[in-house]
């Protein structure tokens, strides 16, 4: 424990603020009894975290044994802080309506806010950890905190979903640990005992000397372990229910952030494999899992009646695409994968924001009972439509750019792989469009929603949604050069 | 200069001759039926009489009804202008080839069919509908005939084809025979002759062309009839010039050759008229839905004609 | 000017979205679109005349990071800009008055400029990414427009099928560009031109281009969305979707197959000709049987696209065979038909919009007698119908003539399959042309002639002047493009030269105004001369008749062979008109069946007559795919309802499987 | 000599853990399962203690302590109490017959060895043996989870899996964070136990009846 504090004690280090503020926030919120104040504190703390994360762009701290920032995690940290912040804003509006409708009680909320910050902390820690073990612990803690939030509503479905989530991810996380140990074992003869053999920054430089067969084995465990967390089929089973039964802000961060974090962990290991160069190619395994996720989710989408499950499966689909992409490898595909991670995160959380408002307005999560949104709530309806079209891969939104790169570059190299990819994307596209069309158009049903939101709450609910969509649209047409250069560096490392 | 003169002579000739050809066919048919029949010049009198009569049109008719006879006549006449009769040296020949000819006839039919629907009666629509069905098969057949002729001669211009056949470049070929058969079938259909249609009937179930023009009277009817006569002459001239252009004057011909061409044309036309009458007397009209078989057959024959071209080429 | 006009369109879209509440906004936005289209039209015309090597590439700092957006207007793009913006201007002008009549103008106004923007952007794009983004922009905007009447379930279904097919097309094009760009990811068109592909990759690229562009253009069997989506949009948008968006798809086809890939084999030309021929015939057969005017027009679009594709296929086959002059001829024919179709199809759709404005109806079964009530609309629709039926001297005939002209030279191709195939395609084309005439006699005759079949049709009044004016402009163009074909083909010289490699003039040795491709010995045509002679014969005939005969005219009841029938329902209807055609052509292809049920003797109830048609493409392809997806989805869906233990089992299985894979691969 | 001894002892203890894993699969009665598990935890504690001694790594004593106190004593005790309190059937419901389970278990061990042997040609014999043993234990734990319906047996399976992980972690020479990791796992296990207790998941994790799933998960249309 002392060593952690020592590592954080460089006052100039923005990571201190990035990790410290959510941790302190979690403690503070656990003590705050009034939920209205807690919601505001939650926003403020997330804002501080975001501000601290943005300073990383100015000044990048030198890596320590425990924490580091490089081209890969810098934007993920910023993204996590950003989505964490927007979600906290949305959450304030969401919680107000849920409380007004008496679906949540203040005592739950105290817990909820505290866990929210704790969750952000664990994710940021996992992203910035320079130690495979710390990263593992952080991911595990992230699971624990979210399990508690998923079961927040205390309905039978929520508890069951949380239970499923908990069991499956615990086993997954166990397997990931085994993979981590194997990597350590592979590194130990080269790097010597101790923390050096677990530090990403050091491992990557000397990975070429590791025992490749051990790395193979490690990668399988890591793939199954963290892959469970990513939601790759057939390890995905926890994901739809956990997304569907928890509070919507949690669905947004689960889909937008937690999946990314797990994928980030997986990719770090893949970098080692790529740097080693003598292992079996991990690509085919990832391609296979990616395709199976894509197709499973694509077909599942056609049978979903619950709006949140629908988008949860869409997350599986996209995680599949991303995994496929990294499995393909190569500069273009890796770039596309990184881009896709970012875009999916922004878009999917925006969709969940919209879904939250929609289901609160309609008083139901059943897709069949939601109709004519563009008539009843024009702004919400059109923005939701735009977001879903974006996630379905239509330009000018960002997901299209990555899908463009993936499909075209794959096709140029492996037409036989690109074919199922394109078919799967089309399959999912058809399902999503048919659903969103039914929801956005037609004659609206009489609203049975609960809790009329105040104008302030309305603004707080819509602002994050709009902010995400603006970013997504802009990114589809223009990427800042600095981001591009980070992506390109990382893409090279990913092999 | 001669081309201009010949063109003018040609334009007037087809129009002047058309009623006579129709009259001739009627006469021969009457004789074959054992009747004495009207004079071959009777159509001229009929037309003139119709012109003198007041035109009666329905309340619901629009301007299309009144314009259609003139447009139809002009279109058919225009088509006739480009089919060489007694000489291949026509000024207007480059203005339209056989494809355009088919389309010009199509234009005439388009207007007649619209006119049939204009008044809003059951018979008019029935006629138009059947007419368009016939056209939908006859037109492609004729285009395919054009195709096979163009394969043989390298050109789609009637004048060029006639000149090519005259020059003896073809000789006798299966392809040409098939094309001729298809062409005759198309001509029968286009002119509404037996077995497709009976120009002399007003029996409701059997009429096609007559049903379309049932509402016409007076000068409008005269124009419609005249258009039909010109069309008949046109097709005879067409068959004559494409498949048996013997005796036709060529560019730069002197007066004697032109006279020979004229005589040959008249001979061919009346001979074809006689054959038509014979044919019509010897067979019965078909049911409407057997048209497709008849005209589909024409289309296939024409297609075969193109394909046989390669066979003979390969040999 | 180009960028300015495009920017204006975006601004207009924004204004349309923001100021939607104001009643004047739709008219203003459409007026703005009119101005922008005219500017783009002028720009297109300007570039059309440029020397073929004058086009320069402009790079914009957006789009793919390492490629950026490339923009270039070469002669081909300029030609299609002219095509697009000509109709766009007419549709915008029409829309000024028409948009006010729509049930929900707010759902049209923002998307109309976006749609125009998308189409223009596709044309000027010079790299794959920009191209596809614009392409999808176009699809998306038109999808929103199809949904403007979203309360109708059919519209929503049409939109769904449309967008899914659009996505299919995009994926095909995307993969096509992927093949052409290679794994390095150099997506500029210039790089693709330089890139040479192996035979397999090259064929793959062509196939994918055909699938991608073909699905947007409506080639059978990828056409299924088109007759659903085009009619569902507001009429001035239908006009653009049918008249112009399909042309953008054809542009893509030409761009890829003749520009980016210079070496497409003859067999692909053959494939295109066969597909085009089938498309033409099937499209027109569908059209003849339709009762809804707009659906009929949409199917006719399918037909015309088929015709253009025959021309393009022929051009490719000739080019592969080294017969560049003939390739140029076929290409000119295809392009000419594309121009013509955009004009008359826009005209006809606008006319159907006028009819809907006046009557609120679009089913042939309830129209009739409109020519007397809407003389202007009727007249321009007559011109449009005649033009689309390929009747001289209008424009439709010129392009069909050129295509036949080129087709008749098809047997000079060296491959035997082509020698035998070309006549068959020729027969298909001829059949399609003849059926089109039947279809439009039927459509125009039933809707505009005869007596009104409903109170709405009887009460119809002529539409406002801006609408008729917009249609009249297009009608005049139909005549002009038909009467002076040589001028048009001359303007196409600069377009075809870079694509076929020959400088080619369609009026070879006779000069203006004779259209005599390659050699006048092969046959020639002159719309100009025909018009002049025809008009003089027409005038002469009228003068003569009126001189020889009487001019007396009397109005009376219809004669009708002595039947006195006052019921308008006793007229020939659209259904009855189609009956002979249906029996002859549709009995096998569409399995058309008629069932007549006569009431029992003594029963006063009406007899019933039912017609059933089965769409072979929909049933055979789309419905099967739908059923397959449903079936698998049902099976897969079981996975949602397992127990935790079984999920763990899946995990365990995965782990063991992967371990085994590693174990085996390590050996 | 001493190195050899350390290897032999470690190997022996590791093999004991593995045999206990097989024992878990073999038991038909719940009480026996819990006792076998306690024995496995004890063996693990011994392994950790031995490694602490051999590697001279004092923090591993903590791990050994956690294993001893928490897993070998507290958890089995709590589970016994749970079984009594919730009235869970005393016999083990299996999804796969014991015999087959054993066969699959042997196959898994074979797979582990096949995978690990070529891997660690260069590594120390200690690592090599422990790794194969640990992986077998992990896979057997997972196998136990999927072949048993009973909630308690499944928890035991999870903990057996975790024992395998700790075994691997302690055997890895000089690996930091092992203590933290075992604490993290203990928290997980504690939560699972709480879950079972609070949510009254009596017999199985998957006992929620099927009809209920279908109607309430909102996904049958």
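We just call them A, B, C and D in the order they show up, numbering each chain from 1.
In this section, a contact is a pair of C-beta atoms (placed from the backbone, for glycine too) under 8 Å apart; a residue touches a chain by one contact, two chains touch by 3 or more.
What you see is a predicted model, and the numbers here were worked out from it, not measured in a lab.
A.B. asks: A-C versus C-D: which interface comes out with more C-beta contact pairs?
C.D. replies: Per the contact counts, A-C leads.
A.B. asks: Averaging each chain's C-alpha atoms to get its centre, pick out the one most distant from chain A.
C.D. replies: So the farthest one, by centre of C-alpha atoms, is B.
A.B. asks: Just the number, please: Cα centre separation of chain A and chain B in whole Å.
C.D. replies: Centre separation, chain A to chain B: 78 Å.
A.B. asks: Calculate how many whole Å lie between the centre of chain A and the centre of chain C, each centre taken as the average of the chain's C-alpha atoms.
C.D. replies: Measuring from centre to centre gives 44 Å for this pair.
A.B. asks: Can you work out the whole-Å distance between the CA centroids of chain C and chain D?
C.D. replies: 68
A.B. asks: Please compute the C-alpha centroid of chain A, do the same for chain D, then give the distance between them in whole Å.
C.D. replies: 31
A.B. asks: Hey, what residues on chain D touch two or more of the other chains?
C.D. replies: Where chain D meets two or more other chains at a single residue, that happens at 115, 118, 142, 145, 205, 217, 219.
A.B. asks: I need the residues of chain C touching at least two other chains; which ones are they?
C.D. replies: 637, 640, 644, 648, 651, 655, 659, 662, 666
A.B. asks: Which pairs of chains touch each other?
C.D. replies: In this structure, the chains touch in these pairs: A-C, A-D, B-C, C-D.
A.B. asks: Taking the complex as given, what residues does chain C use to touch chain D?
C.D. replies: Touch list, chain C to chain D: 637, 640-641, 643-646, 648-649, 651-652, 655-656, 659-660, 662-663, 666.
A.B. asks: Of all residues in chain B, which touch chain C in the complex?
C.D. replies: 48, 50-60, 62-64, 70-71, 73-75, 77-78, 81, 92, 94-100, 103-104, 106-107, 109-110, 113-114, 116-126, 128-130, 132-133, 135-140, 143-144, 146-147, 150-151, 154-157, 160, 202, 204, 214-215, 217-219, 222-223, 288-289, 291-292, 299, 302-303, 306-307, 309-310
A.B. asks: Contact residues on chain A for chain D in the complex?
C.D. replies: Chain A residues touching chain D: 131, 133-134, 136-137, 140-141, 144, 147, 156-157, 159-160, 163, 166-167, 170-171, 174-175, 177-178, 181-182, 184-185, 188-189, 192-195, 197-198, 211, 213-214, 216-217, 241, 244, 303-306, 309, 365-366, 368.
A.B. asks: If you look only at chain C, which of its residues touch chain B in the complex?
C.D. replies: 368-369, 371-372, 378, 382, 386, 389-392, 397, 400-401, 404-405, 407-408, 411, 419-420, 423-424, 426-427, 430-431, 433-435, 437-438, 441-442, 444-446, 448-451, 510, 514, 516, 520-526, 529-530, 533-534, 537-538, 541-542, 545-546, 548-550, 552-561, 563, 565, 568, 570-573, 576-581, 583-584
A.B. asks: Quick one: which bits of chain C touch chain A in the complex? Just the residue numbers, please.
C.D. replies: 61-66, 128-129, 132-133, 136-137, 140, 147, 150-151, 153, 156, 159-160, 163-164, 167-168, 171, 174-175, 177-179, 181-185, 187, 204, 629-630, 632-634, 636-637, 639-640, 642, 644, 647-648, 650-651, 653-655, 658-659, 661-662, 665-666
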